[in-house]
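As written, the chain order gives the labels A, B, C and D, with residue 1 at the start of each chain.
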């Protein structure tokens, strides 16, 4: 295996069985590290299994130290790194966020060698940070939090102002009644934090009238802080999700031959409505007799439509499942994937929106559905229903477009 | 009753009095089961009514065991099941989520027979899961949570990382001061959980300066976790609601003859603005003299407009209530349903949007309103107001369309 | 004062000084009632001021009983009530929600006569419900909660399922360790509630490993419940706000002569961008030298533009403040209201959107601004800036529209 | 330095090194004030460093008193103030919100002179309010909260109603069982507040069945209050963010020569998609070999494209980074700023939306990309990819526009 391949294998989201195996091993090691950390500090477990724990600790610590060395070595194989000095690249890697976490993960080994497994294992919690690199969800959240950092920070600042003010005032009100708990402002700050976050341990509780009145205000402010943060993050999160899903789908839509003749405006609109979905080989996409909730475009792979006289194969660029959406009848055939397949799913709600907004695309789908219904011996009722669904677009004023049967590129 | 009918009767959302009766019985049984569960563990109640409780327990447990057997038997009557082996279908039913809950619900009976009602009743809480099948709201929430599962899981992962790190650090800071509470990392984890969720029982409270500082950070992180989840779910929930309501309304709009001549684009737009509402026979839809907040399209059923000289009947496809929206006057007549009726309600805010976006539809409604005002002896003032509302769409450049009086299909 | 007028006076949102005075009296009485309630149960206060409190109680209780009688008497004067039997109307009033709160508010008087002021005052908290009728915000919130009631209820159902399950399991785990606190499922339910809501009093805390593990799950579920409710209500609230503000503004926009020639589509769009604002007579709308953040349309009333040689009056239908938005310069004059005035405010962000979407409207505003700048002795710089802002709408392809100087109706 | 310049220097967001230095000093002083406040009340620290703390206190207090005097003196130099009496302006300044905080900040000095540093330092928490003036995030939040104040207040009113009702009822249920804690309604109110905010100190816990049932309802209502506030603020916040970012970007877009020929509609749309970003001199905007996630328009400043044979300079009005978006290849050159530079960033997701909605703008960008690819020795593959991306806009029906190579103004 070349250096470049090994580098690619270690990246987040790398495809293939070997990359998956690596990630499983990595996650198992982190988990083992955490278990050892918990066990080492539990008297009874340490006494019973001290040696095993120490061995386990050094195994995990060694693994992460080795991984760090490997990553540093491979950094020069990163794409785009060829033109920069090898050591500069390694230096950059060491000081990126993920690189910093890798470095942290390597530290318990020397610590263990210096101070023994028991004390060093306390530092093992840093291994949990290594999950960050491999979690796409955490990456999204990081983007959201980082975009909204100015506003989150403003709330924190307001939080701080309330905190200091509340602590000063409660100190005034309570210092005589409870010198033990409210005898200085730093002590009062502790009360303010647990009250403003509505945690309320109960180890510091105001007793005077003014103290309690103040506490009530602080608790209500606490709810406001929660609510402001929730509002900020909800807004940012919604935007991030829209962006991510649009990008992923756009790439796939642009790959489907069916859409390749369509203009950028159509692709952008369609990409907002479709959702990608991956299937293993042999998975059942739809089942005969079920209600039809969506239609499917094949991005890659192959499916088998299990029609009665003989099954039909469909490959990338074709679509299926549209008949049930148009006629409202149940699925007329079971569909199974023949190899790992990626589909774009068009939900019935979005299908109906599309009927209105993209009349041309709708017409192509409808014509194809009619052709298929004719072929399958034309059962009267559904055919008529599908024709009825083909309502003339009077208000669009458009001249009728005739008979493309396959895709936009035949227009 | 055939097997197929009995199967349909047991499904969620089945219509008809018999299905409603079944659901009432089902819910009553679950409630009874929970009451028995609570009573069995209360010393005084068990001593006083031990026998009654045991009988009750076996009645409820028997009921759910019988229901499970019935569902398994009926599974083969499910639509679409005819082509698959009877046992495969039953097997599939037994291992679906609802099927699993049904199975769980059947378990207390054999447990009760083996160990007695008292111990078995402890397992009765599983009966509460049976509500899941019949709650459309829970189904929506399940969709929302399942769509956002990747992000919710990412937050949980972050939650876990903070938890382990905080527990390790607080153990370092507090183990000497409070060996009882913070003597091991597992113990410290308990503190971390109740602090990060801002529950704060108060049984574990840091006392050192660094411990308290760390605790403050953990509490604030807890608020962030709340806020992130709230943001994620708010986004997903808004999307799910839009989808569900669009689908339900689209189906109804497409059924109203008034809209059948309109194109798919118009239907999709109208469906986004209307809201369906069901009325019992004899219900009052609007009352003379009230302020007019909406107009109504009849999907199915029949209403009576209680006009003075003689009342008027309206059936599916007609609309009413538009005059008050156009003139701003109070309702001029009371409207009562004559049979169970489904209406589509157009709120005044959406009515006004529609005036702008669908000028043709608006014109039809206005012309009809003018015709009706002329018929009812033409009181001057409101007529003029309605005409004034018919402002010419100058900026649309459109030639005036003349006089369709009933619907799009007359155009 | 006629019965009808008196009826109108008591309604929420009634205009005029007398209605405001009535509401102030009403709110003062509720407040007095609550103060008496608090004082009556405080030993020291009751002993010192027993008689005064009793007198106060009967005054407040008498007031609300009299109000109830008055409302019942006036119910027959409600608009639309003429055609129904007087007693039926009163009956309906008595059983509406607000009527029920009024009835509750009348109850303390007979209670006081029967059992004395001290015991009856405990029931005085019902007077707080009387605020509900007069708070427009609470009315909005009621609409939001009621629209989302199905989903809120679904979350509550899920809450209940988790509650019963958690209580059953924690009872199993903890009953031997802490029979006092977890000795029965009802007792365990108390723990479950305070844990699931993350309140955590600390009077019931699990001690076993499984109990604590379960508690952790329950706390995290609690966050999920919060988040789901927040998501549901955020969605519903956003929709309600959009509806309310659109309706209010639409009514005002339709009243402004300037917009009366514009089509329904323009009015609907403009109504989405403007915000109404009421000013007292003599209020300063803008101040010379400030930065310009918005322009204003006069709905009703009159303002004075304090220009140097001599001030200018403007009345309903005119607009001002557009120059600063177009030129980016500071306000060139102070504007003061001459009588109570309602303005529609167009924020600079929305002004810019409008420039693009409603080119005709934008042109009218720009032409007027140029005319005004010419009149005020034409200082070179701002004039040019305003002309530059008048970028030709090349991509719109529209032929230039010439010189309307006042409003759409001059076109 | 003139008075006017000094005035400008003290405003929030003032540019330049001197303004930044002033803000750093200001924030350092606030921080020092808070530290002294914390230290003064801590027995051990006060005894050890009493004199130093007192000196520090008078230094900070003197600083803020002097700042207040300076601001009052400079108020007459505010823009727009020339026409008003000097003392009226100062009076207005003293009673604005920021002016009030400044006044508060000046108070500790006289207090210290009268009562000594120790007691006066307790009042030092008011200095934290001085951050408000300089935090743009807090300003945004203030706008959000102030716009939604009616609804937030409605929730508070509901909060109050629940509070009084719950306290009255719990007093009824618990007064006999726990006269110490629930012996009067004011005492019960304390319990109600800490329960409704889900703080739960644990110093007041109901013990009777009805008391606990009531407490459960109160806790659940508490979650509802949280959720309502979160919903209200999320809605308001989303709107405020959209407004702020639109305004900021619009100003910048209008400055870019490239867009100056475009109509207001295009600018408004583009402003919604771009995000401004400031770079220091010498910063790396993109790196060769990275994946391309966005393209850039230069608002002001200068960048260097490090192409191989010889680097190219670009200045305000030009754009770069579009090739990677069109071809999907990695960045072909590193880009570094040569002076402080402001760029407008177009994310790839928005770039693709723009391709559809603004075909003309898209064409200009594509043509320029092709020209550049030709110049850089025309590597076959990427050129073709870029041409393929130039899909004909068939459904737009537009005649092909020929060859503008620089911007809209060349059309």
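Just so we're on the same page, a contact is a pair of C-beta atoms (placed from the backbone, for glycine too) under 8 Å apart; a residue touches a chain by one contact, two chains touch by 3 or more.
Just so we're clear, the structure is a prediction, and the values are computed from it rather than from any experiment.
Asker: Let me spell it out: compute each chain's centre from its C-alpha atoms, then which one is farthest from subunit B's centre?
Answerer: Chain centre farthest from subunit B's centre: D.
Asker: Over half shared numbers or under half: where do the identical copies subunit A and subunit B land at their interface, same or different?
Answerer: Subunit A and subunit B contact each other through largely non-matching residue numbers.
Asker: Which pair wins on C-beta contacts, B-C or B-D?
Answerer: B-C
Asker: Tell me the angle, as a multiple of 5 degrees, of the rotation that maps subunit C onto subunit D over the C-alpha atoms.
Answerer: Nearest-5 rotation angle for the superposition: 90 degrees.
Asker: With chain centres taken as the means of their Cα atoms, state the distance from subunit B to subunit C in Å.
Answerer: 26
Asker: Just give me the whole-number Å value for how far the CA centre of subunit B lies from that of subunit D.
Answerer: Whole-Å distance between the two chain centres: 37.
Asker: Going by the contact rule already set, what residues in subunit B reach two or more other chains?
Answerer: Each of 198-202, 226, 230-232, 234-235, 238 in subunit B touches at least two other chains.
Asker: Given the complex with subunit C, which residues does subunit B contribute to the contact?
Answerer: 34, 37-38, 40-43, 122-126, 128-129, 131-132, 135-138, 140-141, 144, 156, 159, 190, 193-194, 197-203, 225-226, 229-230, 232-238, 241, 287-290, 330-331, 347-349, 352-353, 355-357, 359, 362, 391-396
Asker: Show which residues of subunit C lie in contact with subunit A when the two form their complex.
Answerer: 198-202, 230-231, 234
Asker: Mind pulling up the subunit C residues that touch subunit B in the complex?
Answerer: 79-83, 150-151, 153-155, 157-158, 160-161, 164-165, 167-169, 171-172, 183-186, 189, 195, 198-202, 205, 212, 215-216, 219-220, 222-224, 226-228, 230-232, 234-235, 238, 243, 246-247, 250, 260-269, 271, 360, 408, 411
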